[in-house]
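Got some structures for you, see below.
One chain, chain A, appears in both complexes that follow, with chain B as partner in the first and chain C in the second.
For the complex of A and B:
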């Protein structure tokens, strides 16, 4: 099952994914016309500042079991079996907020949608770019991510690769072989720069 | 194999869906005392707002029974359950079952007030209740209404009636509205929201007598005021329909007693929803949960166990959400222990800590991070690190994720 995966260690908080997401889910799908749409398209991925200069791109994890499906009083949320994506039927959504208060990732926001009406709030959350993935494209946020913080692939493959890397590191450590850096050099340089910039004027 | 499900509410419907996920062939019989397709009780308010939205309450579609290949027996009551013969009696008919699910839900008990039998007194729990309210609104010249009970259903009813230009007075016996959800301070804030939208609220008040001939004319309250009244909505709370389990050998207390697989003390008989006595994982209190979300989760788990999957029900908290005139009000857990609060502009947040885990919280006019608080509370995570800013806007789920990543030393 293919899914978007997050590597928070690579995220620098540039918010490219947010812009790409908002444009993809707008009516016109074009940045220049999207900004004058009514209602204004909003992003379904949220880059959040955390500790220090670390950022985290949060989005719907399409979990299973799915608390939001379990509690929805209008039957508006469903799972697409083929792509394993949780989808919201905006016509049926009454904007009650039950899904938002059970979501462990607080990934559901309420805004008007161009698909239904400008004066009614409905649930907004990541749909894994359903239109794109059914047309063999990768999700817009993954396409936009420049640092590899977001990726798209088979979940089992990702876990397998990750496990292999951990095993390799452990073996190298045990054999006292130097371990190569996992985070790209440029990212480290950028982070060091950002950190020193953020400390300008601070008393040592 | 024949599955029999008593009740077509949230628990029954999600049990059918769970059974059909694994078993498309077996016969499912669903018995309901209402003659309509399954509907969502939470959507009744939207029907009360707008009469054209009646079809929207059928949350799984009007074709649910056909689509799920379910044989419905509608408009009929279950008279008796005979577990020793694996039979139930519906009307005069006897129906055999292999697996039985009791999800008969609850109903509103009418309080014993003088004059309660008069015309113009309604409950607001079922679809037919709402139909009756509409009939009354159309045929009678309704100017003033009283809602007895300031709980979830009461406030919903008040908001619905306000949309029909009726003067509404909410009468609540305790010292605040939403007594099961909020403490007194937060209850007063909700009272202000109601007042700003034209709902009159009287706390620590009861109805002593309902006056009028056949139809309600006026109401005498315990503070000796007499109000002109054209209709009364009773919303004093819901009790499980335990009559159904009488003389069947099924153990009951305040609700039907079930084990962690939602099975009753009798083989092949399961129970789910409002009729079940559940344990609150935070407060440890036993009693019927009476929440839509809990009913859906229990129904699905009971369904899976009925098809032979062993799935445990891990319990839930009393997390509740109500929108009062578009202002979300959220409450969860127990309100004891160390208190932290952020009251700013129109946003009010209160949280209670117990041994550096979240014990409970109340939020008014914001839904930000509500789900994160809930999952931190249920998983009993140590939040002492976030204590100083957990209620502030800067707190977000990313911090929890980054902390987890740091523990794995990937940085």
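For the complex of A and C:
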């Protein structure tokens, strides 16, 4: 099962993923024309401030079992078995908001869509860039992310990699071999300073 | 009860009340917009994006993976250095273009072609003319001023290849600049050269780029800014100590209220004069007002405060809140630090927002263009607009917070020397005796990323407690003014030694030296002290700080202060941390080259510790005893 995975420690809040997502889900799929489309395309990934300078790109995690499918009264939400992607049929969506209420990641937004003939708000959320992944391309947000905060791959393979890294660190620590830092020193300094800046003058 | 959220934004009590009013009136402010912008882009914050050609835009992965270079091959060091150099150039351009406008008006005034201006300080005119080698004997002031203005115009050109005011620096400092190849040749040339060097495919050596960055900054501090200061003094008078009031409480319910905001005194001086015109005051009274109240925001406030004692409504982050009092009939702006958001806010309160510079128009504002040949008439026209707007004021929406705070300003270099009896020797004696531990210049802006005024006020308090004489300019000085620290009585909050000196002279423990271009006054004083002691500026127990900086101008200032040999602590983080090499050069390497470095410390308590430690090290190197740390 391939999935978009998030490494929050690598997110620097540039929002490039948001722009790439909105363009990918626009009618024209072109930055320069997408910005004058009506309705305007929206991003389905949302980079939010957390604390200090840290940010987190939140999105649909394509759960299974899937609360939104279970509650959708109009049958607008379905799972594509091949790609394990939760998809919304916007024409069928009645904008009731049930999916948003049960979503554990608050990943559903309501907006107009160029796919819907009548002007009304329908549910928007990540579709794993369904068109791209079924054409051997990686999702637009992952392609746009240059800091490694977003990746795309087989979930078990990713976990295996992480486990290897954890094992290596543990072995190095046991053998008193210095562990190389994952985050460059200066970036840590930057984040510490930014956190300190955001707390200047706060009551201790 | 004021909402916790507003208490966290500022320590200015009048701002807190106005934030509450803005909230009730559903006015969006700078703090709301910062929230909408968060999280801000890490590439921008780290300085590792480049838009300088159409192969890009490019960015570098700060985690060290691909991409490590832009399309052209430039790495993080080059990108960060280029971006920083352009910030310095923009800041230098702003200060220097302000200086150019002053020089032009002095020239026109000398030719008798202006209305409202005169050569006010003839003594200073002759002194500055002397520096330029102009013969003053037996000549009328207009003739001298014309020649001086023309010489100053050459400072902006490419035939002279040296800046006169840089000669004011101590010999050792001048040697350093010459040996490094950063002696400023001309004001415009250095700025243009930065734009050239940082365009696609020119300078890729980060050290070389940053050296030019220092050179352009010197052409600001010892060039454009110094010209702005000195030539303004010739036109409008050299400041002398005077009392005034500060904060939004200076506005009055029953007068026509005019706020001047921006930087250049050329327009604001005319508005001051026009508001004192008997015919104009009569007009205001006919409209039912008891008179006209004029107050300033940002550095144009400091210019007219220093010379005319005009009250100050607030610093940078007060501009929107001032209008939300509902009591501002006209806000007259020239240029720099003017938020475009003023237009929709002014619309909500029948406030006339008047732009005056052809360089700074805002859509939706009323534009009454400044023209030196009709300056006084334009000043009157502007005040008449305000009187007209007073008639439309809705008293139900007026809420002026609190009472104003008393403050003292006007400490030009000449005024300080005057207070000391014509020589810096008493100041040196006090430093040698340890009564004054050292001198720290706290300058710069407000930045909504830091609780308003908290950085300036906390740092200033800690330093005076430890007998460090604080000198200030710009929005920073307005911050401590609002906090009640710019009065002689504030000496009670200083350490014993500083208190003794301040009381003896009858001055505050913190001296307000003027606007942002007036940081040149600080350089002048530092040079005088260093020369008196026959040492370099970098040998002195002095430091600089910009606890809440925000503009590119502040970057230029930081660069020339460090290039002049003064250790400088920044509050907000400059966009350089994307390059370890550039960061290393700025925070360490420069020490070996220009004898001073930058430090970044957002917490003013810790910044105070850094500054005191630095001052004590410099004292030790000069063979002076070091007073014990901690408040006395």
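The rule is simple: the second predicted complex is superposed on the first by the 181 of 204 C-alpha atoms of A that agree within 3 Å, B and C clash if a C-alpha of one lies under 4 Å from a C-alpha of the other, contacts with A are read in each partner's own complex, and residues count from 1 in each chain.
Assume a residue touches a chain if its C-beta (ideal position, glycine included) is under 8 Å from a C-beta of that chain, and two chains touch if they have at least 3 such contacts.
On a predicted model such as this, the values are computed, not experimentally measured, just so you know.
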Chain B versus chain C as contact partner of A:49, first or second or both or neither: both
First, second, both or neither for A:167, with chain B first and chain C second: neither
Touched partner set for A:74, first chain B, second chain C, both or neither: first
First (chain B), second (chain C), both or neither touched by A:96: first
Intersection of the chain A residues that touch chain B with those that touch chain C: 48-49, 54-55, 183
In the complex, chain A residues that touch chain C: 10-15, 47-49, 53-55, 146-148, 183-187, 189-190, 193-194, 196-198, 200-202
Residues of chain A that touch chain B when the two form their complex: 6, 8-9, 48-51, 54-56, 58, 70-71, 73-75, 92, 94, 96-98, 100-106, 108, 110, 182-183
Contact set on chain B toward chain A in their complex: 10, 14, 40-43, 46, 56, 59-60, 292-293, 296-297, 300, 319, 321, 323, 328, 330, 367-372, 374-375, 394, 396-399, 401-403, 405, 410-411
For the chain C and chain A complex, residues of the former touching the latter: 8, 11, 38-46, 59, 61-67, 449-451, 454-455, 458, 571-573, 577-578, 580, 583, 600, 602-604
